[in-house]
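Below is one structure; the comments refer to it alone.
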């Protein structure tokens, strides 16, 4: 062990000199040690841990330690940790891509100018992490939601194929429900939002480019009404969390669900005979929801060059190929689309295929977390529990506009 | 006739209470041995149709389990001991020594009881950083080494001990230290034992505090370490329930062996 | 009849005058030293890790506080003013008070009933008491999770049993009109054994002579209960009421795990609201203002309880 380290000391010094690194470069023989905080608990943890192992094995001059803790804990500690110049060198501050702005308020993020060719990364993510033409985070992962369907329930109801249009989607959901089965397992809180997809399918949206709510437009109200009618008819449950909605599908009590790649392994283990299909095409063409977790570096890290090298490696081809095969997540890069290994993997291919049409939830909207918790989630909760859609939409719009400041404009 | 009715009503109600108290635990422990498919196929069953150890195996494989267990014992054990010492000293001062400011101190103690921890979380985190105590045992232990609840409870107990006892000792020339150590503490043993059990239980179960103070896996306590299995996306019931069962087990064992202090202990000493 | 009252009604006045008693100042300072020394370790810890941080948070609450920002925007009392106009705050206040009132009354009521029902020292009673106490030893977060699984309308144990008997699924945690009652139920379930044990301790401490005297006067069981037991265990009742009230007003883990304040804010307590503002929306100043309002409410209610139970009598 020691032999290896000392043998490679020369290499690390050379690397530092070549990088033109400043006085912060370590003069000792030891490799640079970086700490990374992530919130990747649960079943998806293994794929990330394997990435760290692969990085450390291929880099003798940089060694990264990943400390996994619940997202909540990161939200409690990281803002003060980074603002006071302590804490990890690298972190995924939240699963919400909009968090980047909050950390920029306190100048906590390192400007990323040396993380490779960012034009090859998922554009939606890069847009979300770029503020004033400067990149402050790279995507730690990207995912899309696709339509999971229970094959035995489908054949039991005499339906051959998963729905391909929004009209078929609604018809199938209604036809498949009854007798303790719901057609579509929807979650409305503590989840990656599914309702925006339903809105987009109908040509609706939540806010416009100025941050003004469009929830109360006639088109939105009509589109939502058609889904609310399905919920009222018992085709979808009310008020579930993401985990509860997953359990319903795992239990074979839901015929369809909109979910990300992470769910596949659990459903297979629970013995469900399921397929993954593209989200049915909406009135404006194909669309689905994408999600991405930002990974950023501390503005006060002592090793900015090494931190960026790690981020470049993480989003590089080798790492992304390995991670996609490991986890089923699509790669964060666009240049792996034709990779034969990835194309052969049905799950990866399916979720990756949806990337170009994926949209992020409330991306770039001022106060997005507050809109989610205080306006959008309660709004969906109200309309699925019997409130008049138009009235609730008007009230939610007023709240959203107050948060974004649109009403002042 | 009516007393007979009352007596049977009483036992029916108590019986319902016992069932309500036990069913969640039976379900939890049984659930830790059930596969997802088994759990969902027959939700009305309390016990598995087939048993699986998968939940326990993943915990054993993916966590430095013994290290977490050791940390939990160090954190809960050392903190409990310090807490008993400091709480009883403070309670002694408040109950048995008349001094200027004792009323103020008492109110200060009571007031700290009323502060929800979430309020002080960020300032405390920043303090621990300045002390260099993050991710250390002292950081875990020292801030928790006294409790307003313990001081309040022991003070109430000490007040009930007859004053003649320490007056007699004082005539023999004993100082406060000796009275505290040789008279009051021995008399308060049952109360201290009960308090020890309550403290140990709360510290063992504490989740938020160890998560705030520690960040590396080697410093985690058992409940904090087990949070690695509750995911944002994927929830594996068997693993979660296995984790819950494992962290309950030491307390449950302690409860069976030290029941006297949990239940009968308080009852025989009386809390006055 | 009542030992505390009969022997100690005059004590408040005496007690109140004691610190200012007519001793010489230097001697008094010296006499105070042992008291301060004994109290020092606890007091230092409490000051450093609770009192100072809470004053910090008072300072935050007067600003639009952003962690680590170079300068904080002074708001004065604006955060508090904003609270008054925030319907979510009034909702959280209502939920918190309702939750606390109902939980504490049920915990103490049922706890007292169980304590008297299981008072005799038979092995059978001891087993029952242990079982009732058992839920106390589990972490709230764990037990909240278990109850959430149990109560699931479609795939939980309770849901399964309901379906077995042909009932419609009951959405205990998804229905806004049931969610708060469900959370209160779990909170009572968890704490009733604790209340029982402490009250039992108090009841056991009542001297038999009091009961004998009352029985000689011809009192029946109910009268013994009302006129002997309850007044005699007033210090214990005070302790248990105060602790349970303080804990209920600060309820967080249970709600967070079971409903996270939902559905439609039906279980949103002051602490879950504060948590959301502080750690989801990063409005630390506003969150601190909520915290201080809660702190003041707890202090007022505790003072009220101390008065109601005539705390000074107990000394």
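Should a chain be cited, it is by its letter among A, B and C, assigned in written order, with residues numbered from 1 in that chain.
As a working rule, contacts are C-beta pairs under 8 Å (C-beta built on N, C-alpha and C of every residue); 3 or more make two chains touch, one makes a residue touch a chain.
These figures come from a predicted structure and were not determined experimentally.
Interface comparison, A-B versus B-C: the higher number of contacting C-beta pairs is recorded for B-C. Among the remaining chains, the Cα-based centre furthest from that of subunit B is the centre of A.
With centres set at the average Cα position, the gap from subunit A to subunit C is 39 Å. Computed centre separation for the pair subunit A/subunit B is 38 angstrom, with centres defined by C-alpha atoms. The centroid of the Cα atoms in subunit B and the matching centroid in subunit C are 16 Å apart. Across the assembly, subunit B contributes 40, 43, 122, 237 as residues in contact with two or more other chains. Across the assembly, subunit A contributes residues 76, 80, 84, 247, 251, 253 that each touch 2 or more other chains. Listed for subunit C are residues 67, 152, 154-155, 163, each touching two or more other chains. Looking at the complex, you find that subunit A touches subunit C at residues 72, 75-76, 79-80, 82-84, 102, 105-108, 180, 189-190, 237-240, 244, 247-248, 251, 253, 367, 369-370, 373-374, 377-378, 381-382, 385. Those residues of subunit A that touch subunit B in the shared complex are 37, 39-45, 65, 67-71, 73, 76-77, 80-81, 84, 86, 88, 95, 192, 242-243, 246-247, 250-253, 260, 262-263, 265-266, 269-271.
Those residues of subunit B whose C-beta lies close enough to touch subunit A in the complex are 35-37, 40-41, 43, 121-122, 125-126, 129, 134, 211-212, 215-217, 227-237.
In the complex of the two chains, the subunit C residues touching subunit B come out as 18-19, 28-29, 31-39, 41-43, 45-46, 48-54, 56-57, 67, 114, 117-118, 126, 128-143, 145-147, 149-150, 152, 154-157, 159-161, 163-164, 189, 193, 197-198, 200-202, 204-205, 235-236, 239, 243, 246, 250, 252-253, 271, 274-275, 278, 284, 288, 291-292, 294-295, 298-299, 302, 314-315.
By the touch rule above, subunit B contacts subunit C in their complex via residues 10, 14, 17-18, 20-25, 27-28, 31, 39-40, 42-46, 85-87, 89-90, 92-94, 97-103, 105, 108-116, 118-120, 122-124, 127, 142-143, 145-146, 148-149, 151-153, 156, 159, 175-176, 180, 201, 205-207, 223, 237, 240-241, 244, 247-248, 251-252, 255, 259, 262-264, 266-272.
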